[in-house]
Amino acid sequence: MKYPLSPEVKPEFCTTGSFVRLPEQRENAKLAIIGMPFDTAASFRVGARFAPQAIRQASMTLFPYHPIHKVYPFDETNAIDIGDVSVIPHNIHKSYELMEEAVKGLMEKGIIPIGLGGDHSITLASLRAAAKVHGPVALIHFDSHTDTWDTYYEEKYWHGSPFIRAHEEGLVDPSKVFQIGIRGTLNHPGDVQESYELGYNVITTHDLEQMGFESVLTKMRNVIGDTPVFLTFDIDFVDPSCAPGTGTLEVGGFSSRETLQMIRSLTGFNYIGFDVVEVLPQYDQTQITALLAATIVHDFASLAALKIKEQKE
Amino acid sequence: MKYPLSPEVKPEFCTTGSFVRLPEQRENAKLAIIGMPFDTAASFRVGARFAPQAIRQASMTLFPYHPIHKVYPFDETNAIDIGDVSVIPHNIHKSYELMEEAVKGLMEKGIIPIGLGGDHSITLASLRAAAKVHGPVALIHFDSHTDTWDTYYEEKYWHGSPFIRAHEEGLVDPSKVFQIGIRGTLNHPGDVQESYELGYNVITTHDLEQMGFESVLTKMRNVIGDTPVFLTFDIDFVDPSCAPGTGTLEVGGFSSRETLQMIRSLTGFNYIGFDVVEVLPQYDQTQITALLAATIVHDFASLAALKIKEQKE
Amino acid sequence: MKYPLSPEVKPEFCTTGSFVRLPEQRENAKLAIIGMPFDTAASFRVGARFAPQAIRQASMTLFPYHPIHKVYPFDETNAIDIGDVSVIPHNIHKSYELMEEAVKGLMEKGIIPIGLGGDHSITLASLRAAAKVHGPVALIHFDSHTDTWDTYYEEKYWHGSPFIRAHEEGLVDPSKVFQIGIRGTLNHPGDVQESYELGYNVITTHDLEQMGFESVLTKMRNVIGDTPVFLTFDIDFVDPSCAPGTGTLEVGGFSSRETLQMIRSLTGFNYIGFDVVEVLPQYDQTQITALLAATIVHDFASLAALKIKEQKE
Amino acid sequence: MKYPLSPEVKPEFCTTGSFVRLPEQRENAKLAIIGMPFDTAASFRVGARFAPQAIRQASMTLFPYHPIHKVYPFDETNAIDIGDVSVIPHNIHKSYELMEEAVKGLMEKGIIPIGLGGDHSITLASLRAAAKVHGPVALIHFDSHTDTWDTYYEEKYWHGSPFIRAHEEGLVDPSKVFQIGIRGTLNHPGDVQESYELGYNVITTHDLEQMGFESVLTKMRNVIGDTPVFLTFDIDFVDPSCAPGTGTLEVGGFSSRETLQMIRSLTGFNYIGFDVVEVLPQYDQTQITALLAATIVHDFASLAALKIKEQKE
Amino acid sequence: MKYPLSPEVKPEFCTTGSFVRLPEQRENAKLAIIGMPFDTAASFRVGARFAPQAIRQASMTLFPYHPIHKVYPFDETNAIDIGDVSVIPHNIHKSYELMEEAVKGLMEKGIIPIGLGGDHSITLASLRAAAKVHGPVALIHFDSHTDTWDTYYEEKYWHGSPFIRAHEEGLVDPSKVFQIGIRGTLNHPGDVQESYELGYNVITTHDLEQMGFESVLTKMRNVIGDTPVFLTFDIDFVDPSCAPGTGTLEVGGFSSRETLQMIRSLTGFNYIGFDVVEVLPQYDQTQITALLAATIVHDFASLAALKIKEQKE
Amino acid sequence: MKYPLSPEVKPEFCTTGSFVRLPEQRENAKLAIIGMPFDTAASFRVGARFAPQAIRQASMTLFPYHPIHKVYPFDETNAIDIGDVSVIPHNIHKSYELMEEAVKGLMEKGIIPIGLGGDHSITLASLRAAAKVHGPVALIHFDSHTDTWDTYYEEKYWHGSPFIRAHEEGLVDPSKVFQIGIRGTLNHPGDVQESYELGYNVITTHDLEQMGFESVLTKMRNVIGDTPVFLTFDIDFVDPSCAPGTGTLEVGGFSSRETLQMIRSLTGFNYIGFDVVEVLPQYDQTQITALLAATIVHDFASLAALKIKEQKE
């Protein structure tokens, strides 16, 4: 093996720094950061392949303790960072297989993955893994788009379709899917309608403004109960002023402060996986998008830690 | 005619891409995008001449349907994009004439123009056209400044004076002028006083915080009624975090989300023209200002479409 | 003396432009802008040494009159800008001495200083000066961090410790210290606890969301009364979307609009000094952080002017 | 058809502005600009899909006459800009077909295409078209890499392999292939060796420094003679100081001035096509890469015009 | 007088920092820096009004001694920085008058001005002043354009015409005008021809590459002799890699190192004025253009100092 | 130990990615990358503490084989990357001790260090280590400044003084010190003189232009012979167009291509250490400075590998 490692050993966009300097492995790990730098299913801007390294770099200024949840998320869970999956930009199916295998490997060992995307298509790989290990799951999905658009120039697999594919493949329990924050202009009225027809719960930004997050939360608790939950967070849920570094910006979203309040209220679910997707570092000149993503990962880890702590008790 | 076209045929800052790829003409057009890249009436930062192309470029990610107004704005109106007026940076009066003529040409054919500025002085040209076609108009004016400062080094025509000139020239019905969002430090207490003395309605950001937009809206509906309305939007109305790419930034404004809520409530007026001004792309590194402007154009087109639809019915 | 002035006469990062083009001296001055470009006590990003010049440059678009406080702050106070203290980046103690001396010189003449940092460690120098002239002072401290962390690699003087040092040195009256806006992940639960143990009042961002600023203000008025007050403002109090140009960003803060509302309510205190710290221009591509800081200086000057005006009457 | 055009009618990254405002068609056209915004065959940075619009935008400051070649390139050739091929980011083979078809269509009509990439894989599509119309062609290839690396994670089609594929498919006459400017670290000594083994002529940057471009030119003239020539220019041939906006930067290249001198000496060949590839606008903050590319297109058009002019005479 | 100074007292883009911290006046001054922030005669990008402050800021890292000319330029000449002329962006003629008056005032006192533009049209104001004081002058003009284009949309005064106007007004001795570095595409062959017809000496970049600067220098010495010389330097003479922050970039120019060599050889002329124009800070992200301009000012000051020193001896 | 690691375990600016993904240790290592992120001895811009991570990140696109030296530098030497020294920004002496210790530890084991600065003051720590292990060394020093300025505001240790300190401490053999590339304005003629008086060989950029690098090389070979050599490279040796991301830019330097030619000719010396200093990533928007630094490290590793290979043979 020669250094620099050949791009074929590890693509050049997969670096070796770890989130908050976590070790690559340790005993009794219950939580793992995993980079999923696949982005060629994007239809407009590309570059989320550089997100895992940017989020890890931004994580350096985080501290160990979560002041609201009152927990040390990475210690409570013996968290690890297993690095990036060696995805192949030009081969979406092979990349999905590699990511699914990596995520499944974690889940089978009882380790909760926090995926760092990548474009939103990577969630399909995680849901495939989740369904194999846990059966059809509940899905809490923050996004400004439903990502249930059938095809793009006849291509079925792209970052606009993961949640119609997940439905087709039976990976989710449709009535337990919540798509939160949808906004922006539409292709046609059916765009959102499609999600309804799949049986999904769609809560638009407009809805949230009208009814508040509290009532959404109540409904989610009632409907989801103890079902295993995957939480996927597309950074474009947040307003572009707080998250300019993404691919398909929609103005008019909630602020970082409002967003963190929502996330921090999501306690008590039976989480089996998380991801943060669609961060594009080359459009993130001030690096605030990557920092927001890293902070969200800290929050996700805290939600996982609370669950694990509770199980111990 | 030789290619590249000589700058004298068309200035180099006027490009040929169109908003959301609209055609340059089609039958029965009721709405037109028109670039007005004049910016040398600015007193501080310059560069709004590049705004039309930046806004058009940002428009590429918009979709056809407006989810709140439930309308296809560009199809309902057979919208066109007639390109940019060939303004002359060094000649403000000639530029005004060219812009007035272009806008008047549209209005005479019953086409509602949406102007892409340019600095705010361009609105004077549009109001001249509007007054010739419709008589003195009502004005809904979003801005952090009143733009009723008389002169600048003895110059009467600059981007701080269009609305005192409009008053002098009888282009607006003063009691039906609403200046919304005024904030920031002042030259002297009389700065805002001047607008009051012109008979204008001034609603500062501080006022809006106190009384809410709803009550402003009610007053506007009562006062304006069916009078033809021109809506002018200076992007510096919005907080710099959401619109950094502008010339005279004032911190402490409303967010994009709050702004869109206000705009979306402005249904039912008899619109005869719109513009969005003071976008400066070279200060808009993340391009979120241009995207906000493009989204506002989509909203303006929807307001126009609602009116046209109503007229048909 | 040769030109360019040798860096030993004045470090290269100290420029000669003044805030809103104030004179360097004039009779009966009651307020002074003073640059304090020391930043080598920072533990992560550095570069606040360039903040005084950036804030001065951003101040050029401000106007003389404050519309809410209805005062001309710089004229009411005969304000001056005495330039930058010639700090020495590699010598923290010498730099503190130079800054303390400069601030004390102003305070002894009855001139209220508004310091332009620099990292937050500079406030210790100002508090030393203040305590010598006024005795232990009350402190209103906006920040996302308490800055009461004892040491950093055994170093006692750095930008994370000024308020534990101020306590040790008896520069503040602990019960009259209010730390407002604390948020973000913590090193351990004791991080904030430490401030409580010093006798300080800590109001986190979470607290503010729950109880509103009004109740904090009421408590401050009751507790502080007429005690001389130093107001220190770390720009990272504000959300990174509004203030990206700083060193240790914490997402989830208040917006510029919300922040200005808080500051504008702080009338009636017996102010003896102010500062704005932790602006890092090289991370402030859109220059909105510097403009926010300059606007805050205008507000601080207005608070000082109100006090001075009142004293005259 | 609804506006905004659906991304399925035309991907959002294909805009409608044209190079130097050329018309989309005119009689007796002999030269065509064609956008080929395919970039998902890239192995590191992505984003060349935005190059055609950036190059067109940069072209606005060009003038009609070439002072060295003494020709009006776009008028001599009745040049047109036929817009962008609607490539599909997630489907490399379909995209190749679409591009090949478009280029072939031009070549069959005797129109010389100047392709605006896209990553370097697009040249394979053009060479397939060229070979069908003209038989195996000569290739003048400026680049810092040979792009003859066989596979990338078993994928045969990517931006590192077009010239090994072109050899396999018999699209070029190997002895008439000149790869000029190769430099940078290598995977192994065989990297360049591979090109030699294909029968290609490899002239490294080091070679050029030693022997000058003049001798390379002489050899090319002797070897190529009247064979139809395709000229492909990877912008990373040029030093990153002159072309920072690209995907796989190699420091130590020639300057823009030196590069233009080389290009301008390439008269007298029987050109049947050109392209400029690997411009990545989001890494081109100063826009000098796009301007260099636009200038090179002007030069290519002049080389084409000289040939056409000569044929007429 | 109220602070902030009203924009009418001094436009907001005129700041108060001085070049290398020179005093505003001192006895026996022989050299003066003067800001000429007029830019609305530009036909494409605008923003050179911010150049004087950017160049002054960049000057802070310069040192007093010129190592090649072995002189302390600012001390030998008792140099001063008299700040910026209060130009009026919307009134070109009034601005010319103000600039002419300021420059003439200096020249009449035997003070050599170094103007900081502004767009290139400002040189006309300086030449008018020079001709009044010294009669028709010789002109050494570095630029990529001849700036002898007659009109722009019928406007005679713009940044493309100063040297045809200077000819018409008899401000220069045509045979003693040297335009050096012309390059780039042309409007038509006559573009450069026009300069020849005016009797000017045009040396293109291509010529310089062929014959070297030495022979140009020899010719200039022979032709110009002791005639008073004005030296005007358009920063776009230099390659965009070294000077990206300008308005009409032409790739393919000389590097900073090559440029400084040329400038440093220009000893022995009877200089009566200098300027550096067309720096646009908002396009100069790395600030290297402003630093190059500041360094050129240091060099110009050294050339002036050598002349003055010689006169003394 | 809690995660995120406390900044006291490892400062936040020390990340965990390695250069070209080298391992942290392996058997028979002869070469080590070592990060030395100390930057608070800088007198102007700060931020070189982030250089090690930026250079490592840029190294990802390098390949294993050096085409000119025909060697695999990292394999020939079993190279490792031992991470960053945990320097303390506020304590220069403690930081020097930590760096010296780390470098000495490597040298004692026969491992050649390649230090990634940091500001130039770090070289003093390396020279102290080198002198302890090897005795006074020869020094090849590329820079635009001599860094032999005695004090800065009475501080002896800063980034302008390492080579006067090294002389005082007897760490170098003065006659074997070569300072190459000195240029730019000076404080006084003595600035360079000082180096001469120390017995150093100073070759300015002007000298290099006159006499070429070849003759410098010959002299160095003659004078240095087999003496152990430390090679220190200040990135500001290179022209700012090729290396904008540094702290004290001097325009008018050599290009990357010319620089690499010089470095590549430096074969045959008895190297015992290297470093690359003064890269400031936050001023390196295009990342070309970091890539140049990474490429230089590859070259340094190759020079080390050639020496080691030779010793084996």
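First chain written, first letter: the chains are A, B, C, D, E and F, and each begins at residue 1.
Convention: a contact is a pair of C-beta atoms (placed from the backbone, for glycine too) under 8 Å apart; a residue touches a chain by one contact, two chains touch by 3 or more.
Chain identities (UniProt): A, B, C, D, E, F = Agmatinase.
Here the structure is a predicted model, which is why all the values come from computation and not from measurement.
Quick one: which chains contact chain D (Agmatinase) and chain F (Agmatinase) both?
Neighbours common to chain D (Agmatinase) and chain F (Agmatinase) are A, E.
Which chain's C-alpha centroid is most distant from that of chain C (Agmatinase)?
Computed centres place D farthest from chain C (Agmatinase).
Which of these, A-B, C-E or A-D, gives back the D-F interface, meaning over half of its contact pairs coincide by residue number?
Among A-B, C-E or A-D, the interface that shares over half of its contact pairs with D-F is A-B.
Taking all residue numbers used at the chain A (Agmatinase)/chain D (Agmatinase) interface, answer same if over half belong to both copies and different if under half do.
The interface of chain A (Agmatinase) with chain D (Agmatinase) is built from mostly shared positions.
Only C-alpha atoms count here: how many degrees separate chain C (Agmatinase) from chain E (Agmatinase) in terms of the superposing rotation, rounded to the nearest 5?
Answer in degrees: 180, to the nearest 5.
What is the distance, in whole Å, between the centres of chain C (Agmatinase) and chain D (Agmatinase), each centre taken as the mean of its C-alpha atoms?
Whole-Å distance between the two chain centres: 56.
At what distance in angstrom does the C-alpha mean of chain F (Agmatinase) lie from that of chain A (Agmatinase)?
42
Among the residues of chain D (Agmatinase), which are close enough to touch at least two other chains?
Only 2, 4, 6, 12-13, 44, 61-64, 185, 187-188, 239, 241, 255, 283, 285 qualify.
Let me know each pair of chains that touch one another.
Per the contact definition above, the touching pairs are A-B, A-C, A-D, A-F, B-C, B-D, B-E, C-E, C-F, D-E, D-F, E-F.
Show which residues of chain D (Agmatinase) lie in contact with chain E (Agmatinase) when the two form their complex.
61-68, 70, 239, 241-242, 255-257, 260-261, 285-286, 288, 291-292, 295, 298
What residues of chain C (Agmatinase) sit close enough to touch chain F (Agmatinase) in their complex?
2, 4, 6-8, 11-13, 39-47, 49-50, 86, 88-92, 94, 152-153, 155, 157-158, 185, 187-188, 282-283
Using the touch definition from the top, list the residues of chain A (Agmatinase) that touch chain F (Agmatinase) in their complex.
Interface residues on the chain A (Agmatinase) side: 2-6, 10, 12-13, 15-18, 20-22, 53, 57, 59-65, 72, 74-75, 79.
Help me check something: in the complex, which residues belonging to chain B (Agmatinase) touch chain C (Agmatinase)?
Those in contact with chain C (Agmatinase) are residues 44, 183-189, 191-192, 204-206, 209, 239-241, 244-245, 248-249, 251-255, 283, 285-286.
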